[in-house]
Every structure is written in structure tokens, then in C-alpha cells.
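To start, I am sharing the structure in question, which I have written as C-alpha cells.
Every chain is named by a letter (A, B, C and D) in the order it is written, and numbering of its residues begins at 1.
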Amino acid sequence: MKMKTLAAMALAGALATGPAMAELVMPDLSYRTGPYAAGGTPFSDGYQDYLNLLNARDGGIGGESIRIVECETGYNTEKGVECYESTKGEGALIYQPLSTGITYQLIPKATADGIPIHTMGYGRTSAANGEVFNWVFNYPANYWDAASVAINYLLDENGGDLNGKKIALVYHNSAYGKEPIRTLEELSSMHGFELSQLAVDHPGQEQKSQWLQIRRERPDYVLMWGWGVMNQVAVQEAANINFPMENFIGNWWAGAEHDVTPAGAAANGYKSLNMNRVQDYPVLEEIKTLVHDAGNAAGDGSNIGKVLYVRGMYAAMLAAEAIAKAQDIHGTAAVTPAMVRDGMEALEITNARMTELGMEGIGPEFSVSCQNHGGAGQGLVQQWNAADGVWEPLTDFIAPDASVIAPLIAEDSAAFAAESGITPGCL
Amino acid sequence: MFYREAGDFKTSYEADSQTFPIAFDRYRYWAVLAIAFLVIPFVINDYWVNAIFVPFLIYAIAAIGLNILTGYCGQVSLGTGGFMAVGAYACYKLMTGFPDVSIVIHIILAGGITAAVGAAFGLPSLRIKGFYLAVATLAAQFFLVWLFNKVSWFYNYSASGQINAPERFVAGVAVTGPNTAPWAQYMICLVFLTVCALLARNLTRGTIGRSWMAIRDMDIAAEIIGVNPLKAKLTAFAVSSFFIGISGALFFAVYLGAVEVGEAFGIQKSFLVLFMIIIGGLGSIFGSFAGAAFLVVLPVALKVIGVDWLDWPTDLVAHLQLVIVGALIMFFLIKEPHGLAQLWRVTKEKLRLWPFPY
Amino acid sequence: MSADFLYGIEVIINGLMAGVLYALVALGFVLIFKASGIFNYAQGVMALFAALTLVGVMEGQVPFSHLINAVFGTEIHHFGWEVPALLAILLTLCIMIAFAWAVQYFVFRHLVGQEPIILFMATIGLAYFLEGVGDLMWGSDIKTLALGLPQGGSMAVEEWTAGLGGDDFYGFFIDKLDMVATVVALLLVAGLVGFAQYTKQGRAMRAVADDHQAALSVGISLNFIWVLVWSLAGLVALVAGVMWGAKSGVQFSLSLIALKALPVLMLGGFTSIPGAIVGGLIIGVGEKLFEYTIGAPFLGGATENWFAYMLALIFLVFRPQGLFGERIIERV
Amino acid sequence: MKDTVVPYTTPDGRTIGDVLMDMRGITLRFGGVEAIKNISFDIREGEIRAIIGPNGAGKSSMLNVISGFYNPQDGEVWFRGAKRPPMKPFQVARQGIARTFQNIALFEGMTVLDNVMTGRLTHMKTGMFAQALWKGRAEREETENREVVERIIDFLEIQAIRKTPVGRLPYGLKKRVELARALAAEPKLLLLDEPMAGMNVEEKEDMSRFILDVNDEFGTTIALIEHDMGVVMDISDRVVVMDYGRKIGDGTPDEVRGNQEVIDAYLGVAHD
């Protein structure tokens, strides 16, 4: 016990360094270590680089400079909670927890503390219902949207008819992996395709059984909700059984460069969803000159332009836009978390604005409202070009089937509201 | 004030077999309790509760539980994460199934259910020993996690597959849910830890504790002097799992508020708690506290030093943290293989003789 | 023959191949446990570290570059050369030997005669340490192993066997990498057995495994033997790291393959090399066959992880001494 | 067919009573090896019964049969007038048979006091819940048993090392602690497996004195294995002699001493 007291005193000293006010504090809960570091690093680099760009180019947002507080979670829930608690005291404006597990921790905590959370394409899907989840936003799209976008893409490929087709879902055997199942089941009965589900246990290094099954059953398409090492192994195994890679579609957490490079040329043609288009944006040039060349790169600068880097940058852009909106609404540059929440709820992303920001077409146009915290739910399909080592966007943003997803969201959020004693309504 | 036992005469066997035979230790014990109950709750904030105290208190309960099984009864188990999951899911099902019953009863019942599950998975210990048993308990770990993930009844068929702790009150004060005051979170964990530690202490100093230790030290001899190995091992599994179940329930309901089984109660959790008791000291209640404190506080402290003071990149600090924790573990083991508790005992022994060591 | 039956055979064949890969990991555990009674939890991390080092050396990465850059504000990443595979493998082996020596010299020399659980704990500390060092040295991104190992299903096997069944049978699938792994594993085991049988050091190693005291009394240096077994375990770790890393890229998760080896160890015994091989095969076939016949159709799949342990557990309950162990007669 | 024996008085004035334990035709095999071949003998209340024989004669196996560690393939064990069904060792212990071991089998991680207290396990009945609460039943029972144990600690003169962890004790003291643990059970029958092995003359004298005192003061029946012939002949009332799993002699020390087969066995005459 003695040791603890000592450590406690040391910590108290560390924490005494109070928050410097009149800054926009942006925590970055990153994971640059642990099993998923390969995905966490580029995202965090992109997130920070864009905010640094705003500081360097515009002097912050609305004249108020941004202070980034990075905290390493290692994708570990408990560390994430520690990060949340340690950064929240500094006046954090908006959280991007970057892990579904941490998100679930933070939903009740941040709601009670009055700090908005943005979970972009992960986290709790039914948070799209802003009347139940006042402080949680998951625009531009969620997992159920993703499932529907994938099916809509396949419908398009098949002339609008999937009747009798066999579609297999290979999923990480966890809450995350099981997300799309309900949506896909609905869609399966609607469009008449046959859905088979193959669970892969964490971590997913050994998938022989699943891919032998796919080889036996010869589905027309394979969808994948994979994560971590599971992605690389799945791509390799799919190539091994000579599954046509263009019929193998991962979700947007299974479609980054590091997911396909270990398989080399064999991964060529593999497709994945994405919520942010990857291409050469003018803003990347600006980041290079104003941030990297100035020696302020968040990482070693090597990740610029990668899928997850662009996604991190996109997330930072959405956060910055929301803050700007908040400043606009409340007429002050020094916004509070509650004001940022209002800004997020009034957020409107247009093509014109994205072009203006030097990232034309990076995401779909969408607007947020109290009822809809989920955005347009659109996603695109991209394809891996192994020869050039780039992900190439194949389609424009595809809309999900709202008629399927809306009732599911309503049902799940209602259940949560009942369980937690929340009366739905706008703030 | 000298740290001495001289002059502190015991006139009864009760006094002789008390927990802290040295007067100074007794005073310190009461002082720690007084600070823990009467001072800390009034000064504590969100950060301290969520980053340090609550995880420490909960892990200490789990460590006490595992220490009973491994430290006292000698059965190495790597199923702790799975058993914590049983506690958490039992607590969740009870909380949502019987919302009118007190959460305290739910947590205790969750411990009871875990005890039953633990005893069932303890059955192979009659045939399998040592590291073989340790690996065998991994079967429990993997199976339980798979089960809670697969069978949607356990998470009330929710679409997210996560379990969320609804708001519950003790004496009108919220102890679970988003609106829990930090001191309430702290207090409920502290009360449970105190009671668990007392129960563990009582169990380990009496007949049943001696049967466990006898089995640990030499199982054949133990059986020949009259210890029923089946009963001793299964009670150790049950009691151990009871504590671990309580810690799992608190971990879910009070600390995190929402968990997914694979992430919160995976194999790393089993290893973590095992590390705690080995670093702290096998067969020592104090060691359970010390080990839990060590592994909860050290990473946070290193992070604060590296990131906040030295301003190094977070990933470098995280990697260095691994190197330092690893090196410290090896260093401690070389210096004192029997853990922090033994280090503490040796220090006390020296203190008793100070300033005349010979 | 019905397709289901043939596919069952295919599952068995692939289970055997997976078993070889499990055995490869288990082998490292056995070597160290047999000679020193240490249950080396760090074996998985050693595989990761060895594979990371191999890639790092081949690509001419500057070790600890991130740390150096952070401390000195430099921007160095690569030496600018590339090392041929064979030379890189040799260099990696040298590093693993140096590591073995360091482990023995700085850690286990000071822990001679401690209880098994203490030694086990020390290897856990070692695992943390090595994981951190590996990350610091080579970074934590996913690396591609460019050894040119063959990948993909063997078309030849597929075509030969396609005629065995009807239209719904597509021939047996056998991964070329698995075939290579099997051959390498066989060579490795043959090499180890040869080493143990026919060299002076090998015989000394067996003597130590048999009886420390007796070995000491005939003048065998325990320190040397332990460095030797840790080096051999490092070699096995490198092979395992390469084989697993070829599939998934070299990344953190490689350290988790240790978990696949534990049921194999339970089944085969911690001290038996043939036990590790046969145990691996049984686990490989057992878990795949269970997933094929029961797990996937009836239990919703993903049963392999726990079933491997259950299988080993049930087996042990009926045969506590393991596959190749002597019947245990308890004495007082 | 229970044979009753007329109680008789030994030269030093103790009373040897009824048959306490009767071994009838015991045969024990390990695989193909017969460790004990059809041996019968009895142990009477109050006596000191020695089992002697050369190495590998099966003495320890015999002790293990008595303490229930091995179950014989053939033969019957009668204890206190009743045939004993096959039992687990801990059940045998609860019948009142305690023992020490040839290679000390103390609980190294516990103190001397705790080790001796384990000897009382068979007498302590408080349930788990009462123990968890401690105050009340459990504490009372603990104190009562502690008193018994303290008497034995006094008796064996090991008060000073009460709180010392057993691992730190020298060999001779360990042997004594082990005896204390067995005595703490207040056994009907005490089995001693080479209680004086590895001791010097002084220690042997101490131990002999303790054995005689135990027998004298508590009236405990003792069966012991010992190699030191002098000691055996001095302290035991009757002796069973074993060789190669057979019984080759049985009687008072004087009778056994004169038995030609016994002499041959000890002098190593070749078997035909």
C-alpha cells in the first residue's frame, strides 16, 4: 500500500499541471502499439497532421489555436478509459475513441459529462438515433449502412437481381464482426440471396477451416468483417483457394494497404468498402509543405495518403468543421464541448465545402440533425491494385437501403433507451 | 516508536494468532483503513477513481481470489478472465432480470454462480497437475468467452453484443450507470474488497486454509494426514471463483459499465491477474494488494513520466513501458523470487532488529 | 465416394498440415523445458522477434531508428542496402544466439534452483521486455516477408484428385506453404535429433535433460547447455515466425501463436519432441474435424480455439501422463 | 474368526491389550512385481511393533498398505475389530491412523505451528462459512485445538521454533516436527517410517526417548520401521521381519534374534 501512496503522490504532481484555457483541446486516443498498431498509426497521423495544418495555415479554427492531446490506448478498453479521464480534465471538446470497446465505455460517461463523441464508421450503430444518443454521432456511415451498401453494389453488378446467389460472410467472432448479420439477414430475405456465415475466432491467424468451407460451397461473393491479423490471413487464404478476388469484399476496416501487402500480387483485385475516397488531394500537398517540412509530422511522415491516413484526416476535418459551425452558432471562438455538440448536430458537408478545403469528393454530402446523427450512410467500393500498390475507387458513393436500416436502428435504440431509462428527445 | 514485538506480550492464543501480531502493524492497518474509508472518498475525483483506484480495488479482489487457488492451494489457473466473465454476465442477467433486488445481492449471487462454474472446471485438477492444469484451465477461458459471445441470451439478444450496466442504487446512491459519483464507485469497490480480504484472511488462517496449503506443499502427504483432496481442491476453486466472480461483476457494473466479453475478459486478463499474484507474492493476501497496485499504477506512472513530463511520443513511451515492466519483473524475481510480499516481510524483519542487525 | 467424405479427408489432410505448424511452435517450448525446466512463455514473442529481425535485416532498417530520431531529432530509417535472404537468416541466427546468451547471463543464471512458477514468471517478464524491444527496434507496422516462399493451393494436387469424386468435388486443396512447412519441420526435427544423438554438445544436452546433478558431476557446463537450448529455441522460433509470418505478414499477432502450441504441449507432454509432433497432428486434425462436423454446422463455428484445449483436457483426464509419458506411480 | 488375545503385561509394566490391527494374507503387486507376498501379522493395543528387514524387503510398502496409500490386491485389513473396505488415505487417517515418512513430508511453506495444526484437521469440524466469519465457532475451535497442539509442542520440546517456517529447520528438528504433526492427530495407531534414519547417536537417543514417552504417556500404539537393530531391539515389544516381500520372522526381539532365517537374511545368505 505504501508504494501506491508514493506513486499516487507522483501522479498528483503530474496532473497538477492544469489546463491552459482559450485553446481548442482535441484529444487523440490513438493506438500506435499493440496488435492493431498498423491501422491506428496512419489514422492518428492523419488526424493530427490535419489539425496541425489548421494551426500552421489558419492559426487554428476561427482564430483559436488547437492543442492536440495524444493518448495511447493500445486498443485496450481500460487504457482508453484512463485516457478519457486524463484528457477530459484538460477541456477536451470532442472524442474520437477509435475502438468500439472504448466507445461503449464512453457513451454513458461522455453523456453524463456532456462531451460529444464522434465514432466514424464504428461504435454503436443505433447511435445514429440522436434523440436517444444526444451526445454520440456516427456520421458519415455505420456498419449496417456498410452491409447494405455492399449488397446494393452487388445488386448493381448483377443487374439488380441477386436471386439465388450465394453470399458468404466471414466475420471476426466478436460484437464487431456480428454487426452486419441482422442487416444481411433482412436483405437476404428481401433480395433472395443465400447467406452463409463463417465465424473466425480472435485473433484469426488460423482460418483454414473457414476457407476450405468456402472452397466447398463456392459462394458467388464473400463479404468480410475482419480486423487485425484476420484481414491479412483472409486475403492470403482467399488467394490460396483461388477465390476470385474481385468477388471478395471487405468492409472499411478491412481495406487498408497493410491488409493486402503481405499477400503481395495475389491480393490484386480484392475489393473493400470505404467511407472516404482515396486520391491525390491538394490538401495533402499543403500538409507536406506546412506540416511535414516544418518538422511537425505526427509520425514519421511515411503514411501520408494511405487509406487510413486519409480517413484520419477526414475525421479531423469533420471535427474542425463542427467546431467552426459551433463558433458560428454561438458567436464565440472559445467553444465548450456542449457548443461543439450543437455544431455537430448542425453540421452540413457539401461538395463545395470539401472542394474549398482541398479535398474534393473525400466523402459524401450529408447533413446532421437531431433525429439523424448518422449522416447519409453512403460508402464506396474500392479495389486494390497490387502492381501500383494503391487502392483505386471503383464507384461513387452508394446509398444504403434506408427502409431496412431505419427500423433496425429505431428498434435497437428504443431497447437501449428503455434499458437505460432515457426519454428520447432533442436537447 | 520502534517497530518491535518485544514487550507486546500475548496472553491468549487468540491474541497470538491475530492477523497483525505486532502492535505497530495493527495501528498502521487501522490507519490505512481509516484513510481509505474516511479521507479518500472526500478528495477523490473522476480521474483517480477510474484510472487508479477502482481498477486497483477490483483487481485486488481478483488477485485475492486467484491467490487462494494458486498461492494457497497450489493450483495454477489461467481461467481467471473466463471466471470474471461469468461474474459479469451473471450480474448483468440478474440486474436486468430482477431490477428490484439490490445490486449488492446481485454481485454476491454473481460470485456464487461463478463459484459453481469454477468448481465444475476445477474437477480436472484431481487428475491433472502443475502446468498441465494451468493449460487445462485455458480450456475454461476459451470456452466461456466463446459461449458468452455465441449465445445471445447472455446479452439479452442486443444487436450490439455488448452488455450495459443499468443504473442501480445502494441506499439511494447510484453505484452503477453513467451518473455514479466517483466516491460511490470507489466506496462500493472498497467495501467489497475489505469484506473479501477479511473473508480470505479468515479462510486462510484456519482449518480450510491449512488443508489448501497442505495440498499445495505436498499433496500426497496431505491426503495421508487426512485432507480430502477432492474437497480441498474444489473448495479452493469455488472460493477463488467466488471472489473472482465478484471482481468480474464489479469490473463490469461499476468500473466499465459496458463490456464485450472477448475484449474485457480475454486471455490477457487471466495472465494479468496471474502476474499480479506472482509479482505480489504467492500465498499472501498483502501480496495480492501489492501485485495489483504494482501492475495498475506502474503503467500509468510510466505514462505520466514519459508523456507528460518528458514529452516523448506516446508510442515510444508505450514500448518503453513494456521494456521497463518486463525488466522490472525479472529484476524483482532475481532479487526476491517470492514477490513484493516477501520483500516487505524481509524489510519488516530487518526493521525489527534495527538498529542492531546481529 | 461421396463429396462429404472426400472433403472430410481434405479437412484431415489440412488438419495434419496445420498440426505441423503448431508442432513447430511447440518444439521451442519442449527444447527449453526439457533441458532447464523452464516453461518459456516468451516463445511466441521470440518467434515474432526473430521474424521482425529477419525482415529488418533484409530491408536494411536501422534498429531503434524511431527512438534515435525522437531523442536526437534525426531522420534516419534505412541503411540504404538490402541483405540477401540467406545472409540475413544467418545474421538473425547470430542475433538469436546473442539473445540466448544474454537471457542466460543476465536472468536465468541468477535464478538457478528456483521453483518452476518463478521461472515461468521470469519468462513472462522476458516476453514483455522482448516485445517492447522488438517494437522499439523495428517499429510496429506490418512487414512483408520477402523470402519467396511458395504460396497458394497446389494446382497439381487439385487436378490429380479432382476425379475421385463427382461434380461437387473439386479435388483436394493443399497449400504449398504448408507443404514447405512440413518439409522444413521434418528437416528441423531430423536435424535436432541428429544433433542430440551424434554430437558431443547434443549428448551433453540430453544428459542435462536427464539429470542436472549427474551431468554436472561429469563436467558438463550447465550454463553452456542452457545457452545452447535457448539458441536452438531461437532457431525454432525463427522457423515458426517465418512460416506463420509468410501467411499474415510479420506483425504483433505472431506472438499469439504460442496459444496454439499450449494444447499441443498438454497432449504431447512438455518434455517429449515426438510428443510435440504427434500432439500437434492430433490437435490439428481434431480441431479441424470438429469444426467441420459439429462446430460449423451446429454450434455457429469458431470452435477451434476452445476445442483444441477441451480435446487436450479430456485426453489428460484419462491419461494424466500425456501421450508419451511414463505411467506415473506416486510414492511417499 | 476374530482371534482375541489375552492382555498381558510387559516387563516394564505396560499393558498390551487386544488386537488393534490385523493384517491377513496381504499381497501387493506392482505390475508383475510382488512387493508383499501373503503376509499376516497383528498389532496390539499399546504395543510398539517394529517391522524390520533388509532394503527392498517391502517394509515401506507394508506401511503404505496400512495407511491406505496402496490397496493390496489380496488379503484383508482388520482395524479395531472390523474389516476395512478399500479406502482413500484420508479416510484411513480419519479412522485414527497417523504416520511419519521416511523422507520427511512436511509442508515446507508453513510454520512449525501450522504444520502441527494440520495434524488436527481430522478433529476440526467447523464448516466453511463459519470459518469465513471466524469470530465464534471457528475461533473457539481453533483455540481448543491450539491448546492440544501446544501440549504436544511442549512435550517434544520444540516451543522455540513454533513460528519458524519449516523449510529453514535442520533435519533432526524436521523429523521431530513431523512426529509432532502425527501426534497432534491423537491417533489410535501411529506409524513411523524410519524415524531415526540419518540421525546421529544423540539425536537417535532423543527420538527413542520420545517414542517411548509417547507410547507410555498417551498409550499410543506404534508401528515402526527402523534399520538400527540396536534401537529396534531396545524399544519394541514385538518385531516382524520381512525379506523379499515375505515374512520370515515374528515375535519378541529375543525370539527374532534367535531365528536362523532372520540371521541369514541379514547376513546375506543366497536364496535358493
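Keep this in mind: contacts are C-beta pairs under 8 Å (C-beta built on N, C-alpha and C of every residue); 3 or more make two chains touch, one makes a residue touch a chain.
In UniProt terms, the chains line up like this: B = Amino acid/amide ABC transporter membrane protein 2 (HAAT family); C = Amino acid/amide ABC transporter membrane protein 1 (HAAT family); D = Amino acid/amide ABC transporter ATP-binding protein 1 (HAAT family).
Computed from a predicted model, the values in this text were never measured in an experiment.
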| item | value |
| --- | --- |
| Most central chain, judged by mean C-alpha position against the global CA mean | B |
| Pair of chains joined by more contacts [C-beta pairs], A-B or B-D | A-B |
| Centroid spacing, where centroids are CA-atom means, of chain B and chain D in whole angstrom | 42 |
| Gap in Å, rounded to a whole number, between the CA centres of chain D and chain C | 51 |
| Distance between chain centroids, defined by C-alpha means - chain A, chain D (Å) | 74 |
| Gap in Å, rounded to a whole number, between the CA centres of chain B and chain A | 35 |
| Per-residue overlap in chain C, given as positions that touch at least 2 other chains | 66, 135, 140, 300, 302-303, 305, 332 |
| Chain D: positions in contact with at least two other chains | 69, 101, 105 |
| Shared interface positions of chain A, touching two or more other chains | 32-34, 37, 41, 173, 201 |
| Chain C-facing residues of chain B, complex | 76, 124, 127-132, 135-136, 138-139, 142-143, 145-146, 150, 220-221, 224, 267, 271, 275, 278-279, 282, 312-313, 315-316, 319-330, 333-334, 337-338 |
| In the complex, chain B residues that touch chain D | 12-14, 17, 199, 202-203, 205-208, 210-211, 213-214, 216-218, 220-229, 235, 239, 283 |
| In the complex with chain C, residue positions of chain A that touch it | 32-35, 37-38, 41, 173, 197-201, 203, 205-206, 208-210, 212-213, 215-216, 218, 228-229, 232-233, 236-237, 239-242, 258, 261-264, 266, 300 |
| Residue numbers on chain C that touch chain B, as the complex places them | 39, 66-67, 70, 106-107, 110-111, 114-118, 120-122, 124-133, 135-136, 140, 259, 262-263, 265-266, 270, 299-300, 302-303, 305-306, 309-310, 312-313, 316-317, 320, 322, 330, 332 |
| Chain D to chain B touching residues, read off their complex | 67-69, 88-90, 92-94, 98-99, 101, 105-110, 114, 117-122, 124, 126, 128, 131-134, 138-139, 141-143, 146-147, 150, 181-182, 185 |
